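Order as written gives the chain letters A, B, C and D; numbering starts at 1 within each chain.
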Amino acid sequence: MSLKLDLVVASRTLAEHGVIDAYGHASARSDKDPQRYFMARNVAPELVTEADILEYDLESNPIDADGRPVYHERFIHGEIYKKRPEVMAIVHNHSHAVIPFACTGVPLQPIFHMSAFIGLGVPGWDIRDAQKGSDMLVRSAYLGEHLARALGKHPAVLMRGHGSTVVAENIQRAVGRSIYLDVNARMQQQAMALAKGERTVVYMDEEEVAANVSWQNYERAWDLWKRKVLAAL
Amino acid sequence: MSLKLDLVVASRTLAEHGVIDAYGHASARSDKDPQRYFMARNVAPELVTEADILEYDLESNPIDADGRPVYHERFIHGEIYKKRPEVMAIVHNHSHAVIPFACTGVPLQPIFHMSAFIGLGVPGWDIRDAQKGSDMLVRSAYLGEHLARALGKHPAVLMRGHGSTVVAENIQRAVGRSIYLDVNARMQQQAMALAKGERTVVYMDEEEVAANVSWQNYERAWDLWKRKVLAAL
Amino acid sequence: MSLKLDLVVASRTLAEHGVIDAYGHASARSDKDPQRYFMARNVAPELVTEADILEYDLESNPIDADGRPVYHERFIHGEIYKKRPEVMAIVHNHSHAVIPFACTGVPLQPIFHMSAFIGLGVPGWDIRDAQKGSDMLVRSAYLGEHLARALGKHPAVLMRGHGSTVVAENIQRAVGRSIYLDVNARMQQQAMALAKGERTVVYMDEEEVAANVSWQNYERAWDLWKRKVLAAL
Amino acid sequence: MSLKLDLVVASRTLAEHGVIDAYGHASARSDKDPQRYFMARNVAPELVTEADILEYDLESNPIDADGRPVYHERFIHGEIYKKRPEVMAIVHNHSHAVIPFACTGVPLQPIFHMSAFIGLGVPGWDIRDAQKGSDMLVRSAYLGEHLARALGKHPAVLMRGHGSTVVAENIQRAVGRSIYLDVNARMQQQAMALAKGERTVVYMDEEEVAANVSWQNYERAWDLWKRKVLAAL
């Protein structure tokens, strides 16, 4: 399956799971030229078809837009691809359970094995540290680079008042991580409420995280998601 | 697309998102006569077709009802259009996450950029201040005017024991605001629970609100919603 | 529309709203003989058709079952119809948001006008007061009568470890009350969490309740539900 | 209906109820040879057809895989079938409401009659007690046996950082228990939040549990689930 079709599957699967609504976007680095990436033109993710996928350079200029409008926040993708050569796919989203963590600074921790990657660290980012009085959008290479620095070597970064950005070595992993980041946030909030400061919430430990992250590619899930999207197309 | 068709899209989109059920209504000021507005006859929003849309004067008398029953609470719309010449669209709804704020007086605050308009202030209104022993419905011009005064220059007003009313300069903005008001309420409640009085929930600041509200028209979302409703019709 | 078809609409609407799953049942007193009521044979509510509706006497004996199995808990219905001549319809359900109130004794209160009837009082019932060591089901006229006494003159009764039973003067009102009882429970729980004992949750007052309950028949909603069920049949 | 078709119904019903997503699996002991059990090849449960169901011995070796990959965690099933001759069906799942209990040690208790079996005791298991630094998966007979010991004579066991495993004397009971375990967890969390340590949450008592568990086979629900899956196939 082509990278473009993978991005169609990714976009529609994220919408189906409520991780993105009309906003948010998934990209993949080109398998032919590491200085290029693929992402849709400005369109709601659940409407994306292969014909909507454009190629961008790492300055986030579209190569073949033919005048079609592009996402204002494409710089999130270009600037991360510049700094992280091993990253091959990125998802930016506003998933609802995650934002309360982004706005309070309560650290996300890995509550079950499907979201073990959280144990690699999920830092926060406040756009105000880069630009005061913004409209919250990552509208420039400057802001994208600032966000990419906050992400550092981690698999995801929370964006205060906005959402999160998740990265991985391939598309299916970026999609799986985005879905289970949201699931983890909901379950962690519930566990913290149950524990009420009287009990300890037991998270995965470092060794467990390392043992799981090394292979977790969400293969069985990706197979399911792909079938469902292709059947609906 | 005509205003009437826009109202069909608005009504069905609000129902699809659970912001309204069989109750609640969306209206738009006429683009030909600012002393008139359009709104459906008395029918559940998810059933509305163009043929159901009636024209009302600002006293909320239907012009072309032909005996068809109209909403008891049409005065919400007429009285706000009178006081707010720049308002071109209004949504009245009972969205579930918002009512707990209306009944406790906990102020809604903008927790993410999609609901930045909340930073313009969302006052509360208690029908008891206008009429004791009511059935809670805004059944008269007197009650509508009282509510419109509580709304003031703000984008929305919470109604104790009832729901909320949201206004905007166009239909798509009124719909987007209504949907994200509900999303914001859920996320704010979760953030407050996470913070437990020990951490601060960081909301958008005034400058950020101003920078976002100036352009936020929910364009990409409206394009999606419109396509889905038109495909289903 | 016949009472039997009304019960089909009621059963499927309650299932569609998640108020009942495979369990729970709706009944209506016969419009020809007040000593009789109609209710489905033992079948999941979302599968009910007119052919499944049986007639029962007030001892809850089926008249025309032809060997088809009936609900164990039919006595809930028969015993309430005996004690409450004005009651014409009853819904027994396990809706999820209500059971935590039934198991803690926290009183339900009317948080918005769609569930004003809660202001008429919703008492609790513990089967243990009638029979120790039961399997929790209302399997006998004895238990049904005990429950009916706890219900008294109220519109609903909460059943500890089980669910609730809702009554009304017609089917559509019983269905609307069942749906909004669940909505009210969720919103009340959220409002209480928001208030945290530091703020007051403002509920509808007695006068407001009386003004609303006098006419609230969920007409617009019933029209919607009926259309959707009939279209699906 | 054959055991294989029952497993198709079970798998798709669990997915439909959100108890499993792409992960989790249902098995049934062979009705011909108690040393054998049936379970799908490595595939997402909502895609399972009869052709995907393989036979395994109690060492969890597939008999007829023909090279098709199998679930890593099949040892959960084989090791429990070894220790519990009366167990005829097993469901392993990651249902979201249950994991917060597994990670905090707050005991699950039976809050309503549909989940009375919880009153038979639902112990917890931490994989760390068997193997440090695992990837959390039950990938060996050693881990499966360790889990089976923690399960003991109980109907379910919670797995820290992972999910739960539910057993029963037949498939429909294992499916019903899995669904209502999740419902119970959500309602118990809400009841505990409502009670806030100031009120008591009243659970089913031992006698009530015993009276209910003796017959509860989720018959009406199974009939519904079967019809829906067969209609969709």
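The rule we apply is simple: a residue touches a chain if its C-beta (ideal position, glycine included) is under 8 Å from a C-beta of that chain, and two chains touch if they have at least 3 such contacts.
Predicted model, so just to flag it, every value in this text is computed and none were measured.
A turn of 90° superposes the CA atoms of chain A on those of chain B, with the angle given to the nearest 5. Where chain B touches chain C, the two copies mostly use different residue numbers: shared numbers make up under half of all numbers in play. In whole angstrom, the spacing between the mean C-alpha positions of chain C and chain D is 32.
Per-chain CA centroids place chain A at a distance of 45 Å from chain C.
In chain B, the residues that reach two or more other chains under the touch definition are 193. Taken together, the touching pairs link the chains into one ring where each has two partners. Of all possible chain pairings, those that touch are A-B, A-D, B-C, C-D. Those residues of chain B that touch chain A in the complex are listed here as 110-114, 116, 183, 186-187, 190-191, 193-195, 199-205, 207-208, 210-212, 214-215, 218, 220-221, 223-225, 227. Taken together, the chain B residues at the contact with chain C in this complex read 21-23, 42-44, 46-47, 94, 96-97, 99-101, 103-106, 126, 128, 132-137, 160-163, 189, 192-193.
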